[in-house]
Amino acid sequence: MENKNMVDAVETNANTMSETPSGFKVIWRELRHDKVAMISLVIAATLLIGITVWGSLLNQDKVTEASLLDRFLAPGQDGHILGADPSGRDVWNYLMLGGRNSILIGVSVTLITEFIGLIIGTICGYFGGLLDNVVMRIVDFFMIIPTTLVIILLVKITTHYNAVTLVLIISAFGWMGTTRLMRSLIFSQASRDYIAASKTSGTSNFTIMWRELIPNISSMIITDLTLGIAGNIGLEVGLSYLGFGLPPDTPSLGTMIAYANDPDIITAYPWVWLPASLLIMVLALSISFFGNAIRRAADARQRT
Amino acid sequence: MWKTIIRRVLIMVPQIIILSLIVFFLAKLMPGDPFTGSGKLSPQMDLNQIQAIKKELGLLDPLPVQYFRWIGNILHGDLGMSYAYKVPVINLIAERAGNTIWLSLFSVLLTYLIAVPLGVLAGRYQGTHIDGGISFYAFAIIAIPGFVFYLLGLWLFGYQLGWFPTTGSISIAADGLLAKFFSRIYHMILPAILSSVISTTGIIQYLRSGIIDNTQEDFTRTARAKGVPERIVFDRHILRNSLLPIAAFMGNTITGLIGGSVFIENVFSYPGMGKLFIDSMNSNDYPIITSLTLLFGLMTLLGNLLSDIIMSIVDPRIRIE
Amino acid sequence: MAMIEIKNLKIHYPIRSGFFNRVTDYVYAVDGVNFDIEEGETYGLIGESGSGKSTIGKAVVGLEKPTSGQIIYKGVDITKKSNRSKIHYNKDVQMIFQDSLSSLNPKKRIRDIIAEPIRNFERMSDTEERKRVGELLDIVGMPADSMYKYPFEFSGGQRQRIGIARAVSTNPKLIVADEPVSALDLSVQAQVLNFMKQIQREYNISYLFISHDLGVVKHMCKNMAIMTRGRFVEIGTREDIYKDPLHIYTQRLLSAIPSMSPATREADLAHRKEVEHIYRDEESRYYNENGRVLDLKQISATHQVALPDSELEKLKGGLA
């Protein structure tokens, strides 16, 4: 072993006993320096958590109860911070409740589609071959369908319709994009030597997929998850705006925005629909900015 | 190259068939008679009457029979009757389709007019404030849900500032061919600009990264080393390679616009296919819904086809031998 | 009986083309290859890119499924996955990869990377495992605290040594080394090769040494096979190949080894040109009508060459 010292003196740098930080901590450190990312994170987290908590604490029946005496009250009157809507409901409370519902739907759909996309994408990307071909044909089949239209259609004709069925319907048509993304990411990783090395080390396929491959695409998963949440909340609000999202008696940001379809309301009573519009805009922007920042930070790390 | 195009077109045949099957099964889930819209059925009738009329209309026939009858009718131009309007569906769709298509084309035109210069600027001056500003704009616009963007735009420019009309596709007062033409354009400007702004983001990002990549390529460095003036290096070497791929985006842009017409036409009360779809949904006018879904699906497929064909013409590497 | 015997190994990949993606032809990556490896020996497999040598290596270690043929180890044909699992084949047969960076999982610490085979094939407590990883790192000349670091913190040579440590972790009988030093600087190559030799002496490990570099192979291997287009063109000992190359392909490869002495520069260039000339003229005679390498003919106890019969006659005539 006489070569050892010479070789190490030439090649090794700092020789400390400390552990190097793991992947996530590194990305987090990178993000801390990105001012825009941090601001977005604070705004997004505050909105998401704040609205969900506040909305959950409200009594739904009380908030949705019509009070015709209070119709169209301007902001500041009678204890209504943001005024009242055409049915006399308090805009602020309705906003909180509707926001919470929209957020929950958006997050649920994203979690489901991300999970499905990850599983299917990983299996297809890893095994390839006939299985991959068949599944991809199925994905292509789903992508032929005009999704927004069919979702609206299914919402219309489903009996016993509620928030859960909405989540399932949207998820049924939203998993394809993630699947394709995961599959191509896994493809590019699965051909690398360390996967072959794991196979020769005797590790089973399932363990390889779970412990070796998925951690290597974890930053992409987080990015996709974040951007997905922004997109799916937006989708739910859009569907509710058209009238085909949550059931009519359930508050949603979309139903509030839908008041703007009435030409009188849109000009004369902006407080009815403007807060919800601004809220969804700020929410979507802050989540998206943060998601993009994660992606940039992850890319920067790959290059070292 | 023709081989690729023909092969691609042939792939559409099974796709169209599958689409029609999907629409057929969705239609069978709808109450009433979504194929002919005869209006003879109504929920008030008792069950025996309903069954009898169903039989008469052919709704109890075996599924394949119903399917082929439906397809046969379509190919003859018979899309059934609308419940609500009591006119042939195909008339309704024909009226509205024109509006949607014109709006989409106008939008695509504006999209490229805006996106190409911005993308080129961002790529050329990469790292500067110009690039930062354009990229920020692209990120921000993508993030906002489309319909909120349209709504705020409508409110600001239509209602508050009064610059543009807020509903409809043409002014009732317009008289004479020229006046009608300009009135149409006037009604299209705001929605077209707003929807094109959204579509520009994808093209800008693609163009920008294409220019950045090509700037670092060896052939660019060779040209510079040969002493070619920077302007020509940019125009002939970098631009030409970066611009071609975005032609393929045209198909995707059109597809996106067709799909998004549901939202934009609702916000602007613009009488196109999207608005027709939502109105039909609200009035339970299933024959229109069936035909519209089929039509939207077809247009999506055509948009994809267009994209793929342009791409194969433009990029020799994609051709299949 | 040799430790591992490869018999008539063939690996063909189907080519799909045409409108319906039918199988139209095959790529004959490995087309009928026979050889044995003894205990404690280093067997060299030399060829240029695309010759099929890496494919053979992958088949031996179980990563590639052969189209036909057998690989006999401990009396069992391990081309079948079930047989491999039954006898825990990969405990005895491991691999070192060419690209040290991509062969180590960037998200795993060195300790987990080296311990992976141990965790699959043996039962060790946490402390025992840590001790063993430390031993292995010491064997390849790396400091013990490397085990807490990530692959990107090391240089190419160090990573390759980590790869060797992983391969040795289960006390294998055979290690397939696929171009283990090709991606390294010359000075580092020597260090890594010396480690490999040391390990071989101490633990009596056999190597299947795959390379395109005849200079490196001369240093490491006693027996070797030269291959191209999926078949062997010449098999022999080190002396057979370097002193008495009989196939023109072997001669061409040998002439391409750069020599270190500037004095013989012109002579070397002339020799190389001459060999190239001969190769171009005679090439067609050494392959059959389909371009396939001819069958191997026995020249001596250790030396086999894929000669056409005409050349064989010339040789016999010369010897007689």
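By letter and in written order, the chains are A, B and C; residue numbering begins at 1 in each of them.
By our rule, a residue touches a chain if its C-beta (ideal position, glycine included) is under 8 Å from a C-beta of that chain, and two chains touch if they have at least 3 such contacts.
Which protein is which chain? UniProt says B = ABC transporter permease.
If you're wondering where the values come from, they're calculated on a predicted model, not measured in any experiment.
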item	value
Most distant chain from chain A by Cα centroid	C
Chain nearest the global centroid, as defined over all protein CA atoms shown	A
Distance between the centres, which are taken as Cα means, of chain B (ABC transporter permease) and chain A, whole angstrom	25
Interchain centroid distance [CA atoms averaged], chain B (ABC transporter permease)/chain C, Å	57
Centroid distance [mean C-alpha coordinates] between chain C and chain A, Å	49
Sites on chain A touched by chain B (ABC transporter permease) in the complex	141, 144-150, 152-154, 156-157, 230, 234-235, 237-238, 241-244, 257, 260-261, 263, 266-267, 270, 273, 277, 280-281, 284-285, 287-289, 292
Contacting residues of chain B (ABC transporter permease) [partner chain A, same complex]	15, 18-19, 22, 26, 29-31, 139-140, 142-148, 151-152, 154-155, 159-160, 166-167, 259, 262-263, 266-267, 277-278, 281-282, 289, 292-293, 296-297, 300-301
Chain C residues within the chain A interface of the complex	58, 61-63, 88, 90-91, 94-95, 97-99, 102-109, 116-117, 120-121, 138, 141-143, 145, 148-150, 152-155, 157-158, 163, 166, 188, 191, 194-195, 198
Chain C partner contacts - residues on chain A that touch it in the complex	1, 3-4, 7-8, 11-12, 15-20, 22-23, 192-194, 196-203, 212, 215-216, 218, 304
